[in-house]
Amino acid sequence: MSKLSNSLRASLDELARACRVLELEGQGDRVVGHMAWRDPEGRGMWMKRAGVALGEIFDSRDFILLDFDGNKRSGEGVKHGEWPIHSEILRLRPEINATAHTHPFYASVYSSAEDPLETVVPRSTTQPIRPPRFDDGHDLICTPDVAGAMVKTMGNNYAVILRNHGIVTCGAQIEDPVLVAIALEKMCHEALTINASGLKFSCPKDEGLLEKLETGKALDPSIIGSKIQWAYLCRKLARAEKAGDPRLTTEPIPITD
Amino acid sequence: MSKLSNSLRASLDELARACRVLELEGQGDRVVGHMAWRDPEGRGMWMKRAGVALGEIFDSRDFILLDFDGNKRSGEGVKHGEWPIHSEILRLRPEINATAHTHPFYASVYSSAEDPLETVVPRSTTQPIRPPRFDDGHDLICTPDVAGAMVKTMGNNYAVILRNHGIVTCGAQIEDPVLVAIALEKMCHEALTINASGLKFSCPKDEGLLEKLETGKALDPSIIGSKIQWAYLCRKLARAEKAGDPRLTTEPIPITD
Amino acid sequence: MSKLSNSLRASLDELARACRVLELEGQGDRVVGHMAWRDPEGRGMWMKRAGVALGEIFDSRDFILLDFDGNKRSGEGVKHGEWPIHSEILRLRPEINATAHTHPFYASVYSSAEDPLETVVPRSTTQPIRPPRFDDGHDLICTPDVAGAMVKTMGNNYAVILRNHGIVTCGAQIEDPVLVAIALEKMCHEALTINASGLKFSCPKDEGLLEKLETGKALDPSIIGSKIQWAYLCRKLARAEKAGDPRLTTEPIPITD
Amino acid sequence: MSKLSNSLRASLDELARACRVLELEGQGDRVVGHMAWRDPEGRGMWMKRAGVALGEIFDSRDFILLDFDGNKRSGEGVKHGEWPIHSEILRLRPEINATAHTHPFYASVYSSAEDPLETVVPRSTTQPIRPPRFDDGHDLICTPDVAGAMVKTMGNNYAVILRNHGIVTCGAQIEDPVLVAIALEKMCHEALTINASGLKFSCPKDEGLLEKLETGKALDPSIIGSKIQWAYLCRKLARAEKAGDPRLTTEPIPITD
């Protein structure tokens, strides 16, 4: 790999940390799931390499540079077949810089339901409100065409649920898709749990929640809340790594093309 | 911060331990949730600072002294916007000295249900019997007016459920809101589980349970049960900290205003 | 305490291990739950002392000798109010030597249901078949009269479910009530889970299962299965203690009367 | 035991690792559950010895060589009564070399349901599509006759659900039954969860999924995906062993016939 600038390497190390936080927070599913980040030099995107788990992404060396047609431009390792998920979001939404695709348990289960996701417990600006659902024919999203249709369904949301599959989240900052994915998984867990109880329940109207979003409270890079949440997750990650959480690596996993 | 007396520092260290016990027992929700304690010198209340998790409250330095109008009188760090929850309880209920607000999973989910919470498994005097539910319009409780309405709904109970939000608990001793919050979360988990089963079930009548409360068995500071439970939780906390539980800090988190 | 014979001390150390295995396997509920064992010298029973959790019972010093009227004959520490549960079983069933009372989550929840417990997954001879349910008026069982009624309901079973409360299990060997309690909790978890699914399901007829029990396959001290299971649980406990499981003590908890 | 060739010992060490991975991934159930592997020299099969848990199978010494009539040919330790499960699969299906029988929680619960298992979240080629269900009369499978009927029900699938009991999985490679068992348990958990929610949901048609299987994408030894998943699970196992997971041994368990 050509030598990275210090600034780029630092960003990719942060992206690696974002992958491990996803694993820590229950978004891992064996070696599937990935993140990508817009290359600051305009060459395309840096994407997690395939073959290792989110919790095994150690540092900048675990990312490969792909242009938006999926050609590898730099880095070692194999690319995930679902790279178009990331390239199409980044191509079509200039305000987005970071993206994630995961299979968390409850959101994946919930993805098979017909009704829109309700917000049982409004919690913070990182929660996606009534995220749209995309039907990818329950297969991987491996072509720019299918990925493009997904981005269209996604609209200007920060999350889309993939029917019978998983979720895709995104945002301006590296940590945004992580925070949105964590919030979305919890929302699905909550919705499944209250529905399962058979109890009569009620949720706040989406209008009030959307208003918060629209007045700029949500995922705005200037919102201190996100940075504080992120700093917390990084501290917790460091403690989990020190304690030897088996999902997390504390050394690089050798790359074997 | 002006130097604390030994006695005050010891109490705040105990309050810090109470925050970590909440985290240990599953009441944590990222950096949200907080506790407060009536200042023994009549200046207001000591409240957990914002920006760190309950499990990261290390010692007396993690609390700030606020008067009941929310003005900071001592201590370093940022205050949570929901400080009126605590000030209004302490202002309106002189028998209460300690308060907590958390978002435990099952209680938060249950808060969206319509029916009163039944007591599936009466367990101890720390259980709140049929706690009232307050509808805060599914927003944060950030004004004395809304908090005052909450305290009115709460009555002389030790717990109130916040609809589509979480719970608030309180008591005379530092450990009381912790014990009540733990019991309430378990009650909600039990109620959700038995309702979800679809099986026909029955619960004891509230009258008998309330009688126990009214005859002074509940949360009376002289009840040995609470002190014994608390001592147990502190021992368990110490073992969890030794084992490196990633939710718990074992050193102070730097304060950055 | 008068000096214990080596043999008695060894048995009480094993009883302590049984308490910790209960905790390890999810039967703990703060400082409540207890075990007892028939004194081999005919003086009554050795019962876990109060004030500490099952996982904190370290060795022979954590038991007190009570006669069947509840008088303390030896040992340090406080007795649990529910001692009659044990004394009445041991008094009325000479084939039983060991008893346990716990509040495991799923069995406690299931105890509120009306219908008999079905055996979704017949697993081993340690499973109680269609255990009877005793309604103790959802209070503690603190008198020989109530406990005697419980024993009558229990019949010749190795387990009884206490409505809106928990479970009581017993057997000839120290490990038997532990194995039965673990099996019963799993049975309740399974029954709640399949019922919650709303799916049509079927369970084996009790007759075939009872036949196994009646032909002496169940809880007979000669059954190798039980000893092997027990040896496994002791190995797992040793590993959990080495790893620092916060529920388990690795040193004596001081006794404070 | 007669001295093993280096190659055979290496394979059995890998089989031991497969047993521990099953435990790590939640397939353990005390000392029950087992794996077997076709002897490369045509003498029958190597089967996990009885009396220890899957997580306690340390290396080649924990397997015994049985011929297909259940006679012990080599190795130390006791055989499980359910050895015919493995011998009949290996006898009747020459393309299969590795087999597993486990009692994972959700699959065991699901086994009592009447309807075919739906694929809520198609995930990878290791998922069994609509696995058949065998009714063994809710007893152990301890005779070649019953096991033969089970193999007939299984057909050319890689998994069969045993009604009110557990699962059996198999494949060409040592890791295949492990990967299939993990996927099947997750499928059952997903199916139970979405059904429990009471929400209207839909699953992909089996035809499309079966097509993938039939076009050779599934469990074909040449599929890189399986090897990558397996390598990941082995890395995670190594980390869990280092962290002291109490379910996993890090030294041989003495053999006591």
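In this document, chain identifiers A, B, C and D correspond to the written order of the chains, with residue numbering beginning at 1 in each.
Everything that follows uses one rule, which is that contacts are C-beta pairs under 8 Å (C-beta built on N, C-alpha and C of every residue); 3 or more make two chains touch, one makes a residue touch a chain.
Predicted, not measured: the structure shown is a model, and the values here were computed from it.
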Handout entry: Interface sides of chain A and chain B: same vs different residues, half threshold
Key = different
Problem - Inter-copy rotation, chain B to chain C, in degrees (Cα atoms; steps of 5) - result: 90
Exercise for the section: Indicate the whole-number Å distance between the mean C-alpha point of chain A and the mean C-alpha point of chain D. Expected result: 33
Handout entry: Overlap residues in chain A, where contacts from two or more other chains coincide
Key = 196, 198, 243-245
Practice task
Counting only chain pairs that touch, give me the topology of the graph as line, ring, star, complete or other.
Solution key: ring
Handout entry: Inter-chain touch pairs (all)
Key = A-B, A-D, B-C, C-D
Problem - Contact footprint of chain D on chain C as seen in their complex - result: 24, 120-124, 189-190, 193-194, 196-204, 208, 228-229, 231-233, 235-237, 239-240, 242-245
Problem - In the complex with chain D, residue positions of chain A that touch it - result: 29-32, 50-53, 56, 103, 105-106, 108-115, 137-139, 164-166, 191-192, 195-196, 198, 243-249, 253
